[in-house]
Amino acid sequence: MALDSKIPDGPIADKWTKYKFGLKLVNPSNKRKYDIIVVGTGLAGAAAAASLAELGYNVKAFTYHDSPRRAHSIAAQGGINAAKNYQNDGDSVYRLFYDTVKGGDYRAREANVHRLAEVSVNIIDQCVAQGVPFAREYGGLLSNRSFGGTQVSRTFYARGQTGQQLLLGAYSAMSRQVAAGKVKLYTRTEMLDLVVEDGKARGIVTRNLITGKIESHSGHAVLLCTGGYGNVFYLSTNAMACNVTAAWRAHKKGAYFANPCFTQIHPTCIPVSGEYQSKLTLMSESLRNDGRIWVPLKAGDSRPPADIPEDERDYFLERKYPSFGNLVPRDVASRNAKYVCDEGRGVGSSKLAVYMDFADAIKRDSQKTIEARYGNLFEMYEKITGEDPYTSPMRIYPAVHYTMGGLWVDYNLMTTVKGLYALGEANFSDHGANRLGASALMQGLADGYFVIPYTLGDYLATIGHQDKISPEHAAFKESEAIVTERINKLLSINGKFTVDEIHRKLGLVIWDYCGMSRSAEGLTKAKKMVQELKHQFWTDVKVVGTNEELNITLEKALRVADFIELGELMIDDALNRNESCGGHFREESEVDGEAKRDDENYSYVAAWEYTGENQPESLHKEQLTFEYAKPSQRSYK
Amino acid sequence: MSWLSKTLSSTIGRKLIMAVTGLFLVSFLFVHLIGNVALFYDDGGASFNKYSHFMSTAGIIRVFELLLVAGFLAHIWTSIQLTRLNNAARPEGYAYQLKPSKEVSWFSRNMGLSGSIVLIFLVTHLQNFYYRYHYEEIPYVIYAPAQLYPQAKNAPKEVVTSVDSLAGHTVLHVTQKQAETIAPQLNTEALKDMQQLVHEVFTKEWWFSILYVVAMFLLGFHLNHGFQSAFRTLGLAHKKYTPFLTNLGGLISILVPAGFASMPIYFLIKAFM
Amino acid sequence: MNLNLHIWRQKNKDTKGKMVSYQVNDINEEMSFLEMLDVLNEDLLRKGDDPVAFDHDCREGICGACSMVINGRPHGPTRTTTCQLHMRYFNSGDNVYIEPWRAGSFPVLKDLTVDRSAFDRIIQAGGFVSVNTGSAPDANEIPIGKEIADEAFNSATCIGCGACVAACKNASASLFVSAKISQLAMLPQGAAERKRRAESMIAQMDAEGFGACTNTGACAAECPKSIDLTNIAQMNREFIGAKLTSELV
């Protein structure tokens, strides 16, 4: 199937306006005849469910959490970008668009990004109207900060809990629709399959996580708002339950998976302390404004930091990138931390960490000032590590944080399966090969509040309300049977490895070979290792208990099975993309240790099509054109 | 149900009843305490007995008495309902008991207990004083002019039980029967000798004095939490004046019970010194 | 360190549960409490036993999923979430008692997992501003003083974990409900429907069977986000005002 991105013609600033006018509308009195299935109730899902219900559609919203308020959007700290230009510092929709395309290292779709920048301003209005308590100035107007190295202050924030406040806003809007009877909420219910019939998405098959009951839900369209797949690495800043299953099941039913190798590694996380580690905690990027990053000059120097004199320290970011210093982009900072640790100069007991030192900032600005700026972060660090960052430097290390890749979608956010949409982190569209800080919240909400309500109507009006099948249809029964069989298979293996053991091994393979730095040799080796893990999983995993109960091991096993397959595809994608761009660094494509992008050969979206069990996936390319933001090589020297 | 009964039967509505009646009862405590200070006047009980007489006969006081009874009943009845509701909210308790943080006072968590003990006290208190004063035979007293003393002193025991001279009065201790004869002769009124009753209860029924002091101690804790809690329930909390109200509550919870408790102690000390 | 764990095990909603003792060894003090339980669960799994089910997700103290009463205190000995509690607060040889939140409105689903959907229903009753997508005025149209925005934020920071209910001797949900009512009452955006909101959220709170508030402050003392008790007073104020003046009869 050829990929049709459906990007509208015309000047970039008019595309979305013109396109919206061209979209078909569903008659207001007919909207109640359509059932929309929304999977996932984070920013994108809750926003979509609320907005569609407000329009009059019947929405069924699914979450595996006990409440929609637990979605991992809640953990976003920094803020949300919007081209409001409230600060009069030269920001504009065009500048936000331009920065995002450039920040994405020219691997995002211009039209989508421009639309994102356009609707960013509406998001702030909407959230404020919902009662989101953004930070304000004494005069009562909204406050902004500069974030992630941008030249303008366009980030709106609610202390270090912006994601929480935005999610609770979307959750409240959805709750209102639940009360109105327009959204039916299914909690502790996990999607395990997508049902496709006659080339269209018809519904989903779910498992009730309390009773184990397998159920079918049919609708006119299915929206996957299921977040990213960072947990393929086992250790990441994602929540424990974040998984790829919904997207991966859809992929196996015909939705192409785009750019799976584009993963973002965040440079400032609290390092791993031991084998038992279950997840990693992010320390806000803003710390790099005042923290100086260093390691000992000599390898194997295990003196405490205070005993290492100034001339035996290597402030490696300041040394290599004199003009940006500690504020180089996330991928550059992460990679360099890895290099110094690979050289044996890492610190702490694991030797997989670098120092982030606030001593100079405290000397310069006083401890009080630093406390006012980062008090809560310092406290969090102390809580977790038991060390006081005011007196000894923090230890940090990169960790997987966000996945730019995801289901391929067109301008309507529709995947290659008709009637199946992907919103938020679950799709691939707006961040290219690297996401800028404070853009994830913006994209999730843009898709949910301001894009899908328009584009979905066009599809629904086209198919008509009668084009729906009952959950009793053979297609659903077949899916239910497959899901049940899969569960029974897992329960019957009774091998010797726990699910977590295999997941941990998978994570290590992906981290080592498809993490911050990738090579053809390593990737080829990793592919084999993942295949072996897959074999080990399906022959020797241990899942206890039954399906008909709350079974945490079974839940995990179903997710890890999909992570293993995704891992292999990530490796394929990374192997295929023999260039370095954004979060994807290929050792074969570099100049002086810096990433070298290859626009001539790789200026495309790699969309992978599932072709069958244990068959190589087939690659489809969507060529990217840059009419407005002309590609240039990034340099931070 | 009308909006009012709906309001008052909600959890917050019930708490409002507790708060309003609670504060009303605190105001009663003040009035009661101020009146009782007359016990300490060394005037043969003249002030206190006159006060008692007024309190038990004036019409307006009867009205307040009814209000007071209603206030007590509402406070107690609502607390029973709330306790049942609160117990039902946690049908299965913790296997390992909750260990509240140090910021949470033991008494704030045991208002029911302190309240119940105060209630037991209240019942005996009413029996001892209110019931006996109104419905049992208790000594009477007549405050006559000082110059009558020699005459009164020589009066036969059948006419006057005993006679004192005190603070410019001749104090005639009489029975109800005697009072009926003498008072009209002297053209004065005989009063029930509440002072004497108090004295006897506190000194002869000394165990009651102990209960009195213990109950006052618990009343203090009840007030300490109840006073500021009532304001919170009424929605009155602000960082500017909540600390003041809390401190005021603290002060009241010490002064009022201490004031009351000083009475049995005073009588006991007086009796045994 | 080695610990003696005593954990509430309950197969499902309809069966009776009991405390069961386990021993875990070689626990590292850098571990979080949940990582310690992960170790136990791996042990149980290897033996073919049913692992202990507990709610958890973000493990960074913000999603509000984790919910354990540890040695008689919701989220354990310090003011934090269970996922942010580290083993350095325990000593080798300690007996550690782990139970689920206990409240009639939070039925136990399995082991330490409880059903907190009552909180969702309370929010659905009115914990929102009725504004449809697209109908909002410009965000800077209504100035809100920084102090008020900050106060509203302090209330909005609630993570809905339910520790307040677990800590309260009456299993009252007042702190949770009041935090939302206060947040929206403070902001001009929420003013239009504040009476309605207060009345219906409180009615729902009562319908769910939570107990009454006796202002002991146990909730605020355990709240991992330090939601203040003054929210409850504000809720009461909103309730009285609404009941006396609203159009609902």
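Per-chain residue numbering starts at 1, and chain names A, B and C are given in the order in which the chains are listed.
By definition in this document, a residue touches a chain if its C-beta (ideal position, glycine included) is under 8 Å from a C-beta of that chain, and two chains touch if they have at least 3 such contacts.
Quick caveat, the model's predicted, so the values are computed rather than measured.
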> Chains shared as neighbours by chain B and chain C?
Replying inline: none
> What chain lies farthest away from chain B once each centre is taken as the mean of the Cα atoms?
Replying inline: A
> Based on Cα centres, what is the most central chain?
Replying inline: C
> What is the distance, in whole Å, between the centres of chain B and chain C, each centre taken as the mean of its C-alpha atoms?
Replying inline: 43
> What whole-number Å value describes the gap between the mean CA coordinates of chain A and chain B?
Replying inline: 69
> Approximately how many whole Å separate the CA-defined centres of chain A and chain C?
Replying inline: 27
> Which chain C residues qualify as touching chain B in the complex?
Replying inline: 6, 8, 19, 69, 71-73, 97, 99, 102-105, 167, 169-172, 202-203, 205-206, 209-218, 221-222, 229-230, 232-241, 243, 248-249
>> With touch defined as at the start, can you tell me which chain C residues reach chain A in the complex?
In response: 11-12, 28-32, 34-35, 38-39, 41-42, 45-46, 48-51, 53, 55-65, 80, 84, 86, 88, 109-110, 113, 115-117, 119-120, 123-140, 142-146, 149-150, 152-153, 156-157, 159-160, 183-184, 187, 189-190
> For chain B, which residues count as touching chain C in their complex?
Replying inline: 2-3, 7, 10-16, 82, 85-86, 88-101, 103-105, 108-109, 111, 225, 228-229, 231-239, 242
> Which residues of chain A touch chain C in the complex?
Replying inline: 47, 50-51, 54, 65-72, 74-75, 84, 86, 122, 124-142, 158-159, 161, 164-165, 168, 171-173, 175-176, 178-179, 185, 187, 210, 237, 239-241, 273-274, 276-279, 281-282, 380, 383-386, 449-450, 453, 498, 500-501, 542, 544-545, 549-550, 552-553
